[in-house]
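So, here come the structures, one by one.
Next come two complexes, and both contain chain A; in the first it sits with chain B, in the second with chain C.
Take a look at the complex of A and B:
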């Protein structure tokens, strides 16, 4: 048996500290969603009779419609981002489109705080009579999801050898067919990961939704914040609603964790 | 019939010309090898024929058809890349069948064609595997199989053997030549390895700085190199080149080595002698003597490096006549009569022998 190394112990300790920091609130939220309002007043109470009251209240409320709206916004945003981002990332990786500056420039919009961007969005949406609909939310989400998805995919495209594409062209296929039949299959796992990552970004965003789509078209994070009412925080239903928002993200992250690292580092390391 | 013609082909990137006014004909069914140091334009020339690089000016004809502006897919060619460029997501069978998909071959025919190509290449038991599960040699065979399956008018090879180990490289070289001979398809092959060029080609084209330095049958190029560049590039070990002066039909090397030459006016020249034509003996009365520096045994022969008058002279000696020739020994040097080559010292061009 190898000796226990002090550095190894430290590493494990740090990892556990991180896990607890992230995990404890989540566990508290899970427990909270099954507690009765009275039991919620005692956050230290670990033993209680579980009740589905909060879940029932949430599932029969408008929150489900908000979740559906978030889903629509996420899916539309991601679909556009993946289609445009795939083409953009391929062009940047293969043809160095726009020079080496593009790779950085593509993320430049991230430097601007959303607070700066949201009012122009609102003004334009109002001028187009699209305020109060999901359309401006989708465009706002595109402003950060599309660059991130593109950035994410550059590394995957750069890793595909140029020769197999040229080989396909010599083997009798046009440029687009070569791209579709040979290049695309190599980056498909990356595209899947990018899509899930982009969806998560859109799904979690509250700021744009809050300002661009209030009242009748609230999206999920905004609806969750709505449990903070003038009568006090409705903790139980809020816990259940938070779980509805978090669980899809958790599951998705689990499936793409490896590609996530590859996508973020692949885009960052190769210049 | 697929003769390939390059007519005054120029390729430049901005102000830099990579290929300059290249004229070259590949006769139908011939095996032509482009060889030269890196950056000489050989790969660019091949890629222009493939359609993967645009042509700045000039025309390329395949079988009399002008293909200069055509897409690669419309040129009826097949290519083998240095790294084989197998499609990683497809099995060996699907890789072989890929070019047939492009021409919408019926399914039953695809299977027969794949089997008939895979058999002779020894790929039949590997058809269901993915490229990453194959050895380098097997990957190479798949790449060759994929090139021959469509029966194209021209084969293009871009240093296809350089990723293989030495033993396999020689085996595949032979196999490649057999396949090309059997199919009778015009082939253009690019390599930086002059030995590969010599053994494979019907016609060897030595390139330098985007131009043809010399072309011809390998033996002719070897026997009559037209410049010091070709003389030094073709043949291994490298030809010995020494600078000297000709006066009254006698070449005198700067180190004092002399030999009679014909038909040459007086002046400065470079004398070239193949290591095979350097005669090493133990004649103590010889005026040309040197000390053996290194002996490299090749089996039946050995390369002997001799330092004579401060110059390094390489000689190839039969192993049988190596008696007395060992590192540190003093030996006599001679030249096989009539084997010398004479080049103009300033231009490097051949002037006589």
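Take a look at the complex of A and C:
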């Protein structure tokens, strides 16, 4: 056993280094959100009297409205994706409906460069006088949230044994009742994970929001990008704004980590 | 209509509106002289946009910039991610907490990560340059010849967790028996890693590399938050160039042509990825 010890030390050192690398910038932002403008100009000052000035400034600014808009966009996008995606994913996983081409399309849509799709959304929004509203943003977010959610669910449905459903049919359930009452409860945790992950993707996206809803209806990441200045007065609120965007998704992520791998690979890699 | 087709139809309908239509429309835009603030009728101009994009040095230079960025960040993510995944696999103490902390960056909105590092690495206000100054060193993270490397490091900070996530799952799904057998036969750990673990992990490795590569190709937020393409045009990635062309200079049709050329590259990668995934799921 003593032979492998140096490797063990290296292993622990690597993990500590990784944790510190991840943590340091985040701790810096947390500290920054409690510093006064003068203290922010001295980056190595670790001891200071915390002030809530930055938080107060951010919480009474328009950023809260941007956060609310992001919430609306995320919820609408995810609701549509989950309803439509659940039925579709079941059909694809259970009956191979749509064949290989549909599966390929769903995978491809997840990784399309946003620059390909964004200009049509913009011109159509202009033509329909919907520019500056959240409608084009929701459609744009559907373009990547729907494929991701569906891809996740295909994997989860494929993992449900056919026999359960067949037994339910033998017991006298109708086709849709068997799906709703027997199969669906099995994948419910998966649907939850897919919904949370889809929401995170929508919440985190800036590119579409920047182009489709720039001025009066900014979503949260675009509003955060607006802090891109280096006056000390703005840095504190920027830190607080970053934390407002980050904390909800970090909390949500704790609940879905186990399901994430299976989802990302469409069920091809399992825990 | 068959039952399964009824279930599939709503999905295909939304898909057609949110992906299919914009894709075709964008393809069409690439062959016109459409401008957002143009009052005149839009004309079909054939391959003109593609010719002007492809004969423009700026496009090729941003293509090269993006390629360098992708290669640097994804290979670092692979090496670091695999090492950490191997380390995590053997860890027992505070296992779940360590994993959660190490996976955290991938859930943060990229613009926040970009701004955080712009602040953290800033010459005057940043913690790292300040620390280096106290050691008597001076390093401008966003200076000429360095900015792209710093951007790649930001990518590594945020997306190595994605590698860890996939590779750890892959490692944990490898059966234990071959490794046990190798140890009984007296193989050292490096030998069994190279001859057993790595080959058995290769399908997951391919998927992880391709997914990360595709995502890194789309880099935009870090550039937007930190350098805006500078110094000079050193960090002007394709997605940023398309944004500038379409939004700052109002040349939507040219930007669409740019995006479509990128799409061809992306599609080629997806075909390889899809083959791998199909093979894995039918195995």
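The working rule: the second predicted complex is superposed on the first by the 239 of 271 C-alpha atoms of A that agree within 3 Å, B and C clash if a C-alpha of one lies under 4 Å from a C-alpha of the other, contacts with A are read in each partner's own complex, and residues count from 1 in each chain.
As a convention for this text, a residue touches a chain if its C-beta (ideal position, glycine included) is under 8 Å from a C-beta of that chain, and two chains touch if they have at least 3 such contacts.
As the structure is a prediction and not an experimental result, all values here were calculated from the model.
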item: Side-by-side fit of chain B and chain C on chain A, or clash; value: fit
item: Touched partner set for A:116, first chain B, second chain C, both or neither; value: second
item: Comparison of chain B and chain C by chain A residues contacted; value: C
item: Which of chain B and chain C A:91 touches, first, second, both or neither; value: second
item: Contacts of A:174 with chain B and chain C, given as first, second, both or neither; value: first
item: Which superposed partner A:164 touches (first chain B, second chain C, both, neither); value: first
item: Which superposed partner A:185 touches (first chain B, second chain C, both, neither); value: first
item: Gap in Å between nearest CA atoms once chain C and chain B share a frame through chain A; value: 12
item: Intersection of the chain A residues that touch chain B with those that touch chain C; value: 175
item: Chain A - residues contacting chain C, complex; value: 4, 7, 11-12, 14-15, 18-19, 21-26, 28-29, 32, 40-41, 43-44, 80, 83-85, 87-92, 94-95, 97-98, 100, 102-109, 111-124, 126, 139-140, 142-143, 146-147, 150, 158, 175, 200, 203-207, 210-211, 220-221, 224-225, 227-228, 230, 232, 235, 238-239, 242, 245-246, 249-250, 252-254, 257, 260-262, 264-271
item: Chain B contact footprint on chain A (complex, rising order); value: 161, 163-164, 166-175, 177, 182, 185-186
item: Chain A-facing residues of chain B, complex; value: 50-52, 71-73, 77-79, 81-83, 85-89, 98-99, 101-103, 146, 150, 156
item: Contacting residues of chain C [partner chain A, same complex]; value: 3-5, 7-8, 10-15, 17-19, 21-23, 25-26, 29, 34, 36, 80, 83-84, 86-88, 90-91, 98-105, 107-112, 115-120, 122, 124-127, 130-131, 134, 157, 165-166, 169-170, 172-173, 189, 203-204, 207, 211, 214-215, 217-218, 220-221, 224-225, 238-239, 242-243, 246-247, 252, 255-256, 258-260, 262-263, 266-267, 270, 273-274, 277-278, 280-281
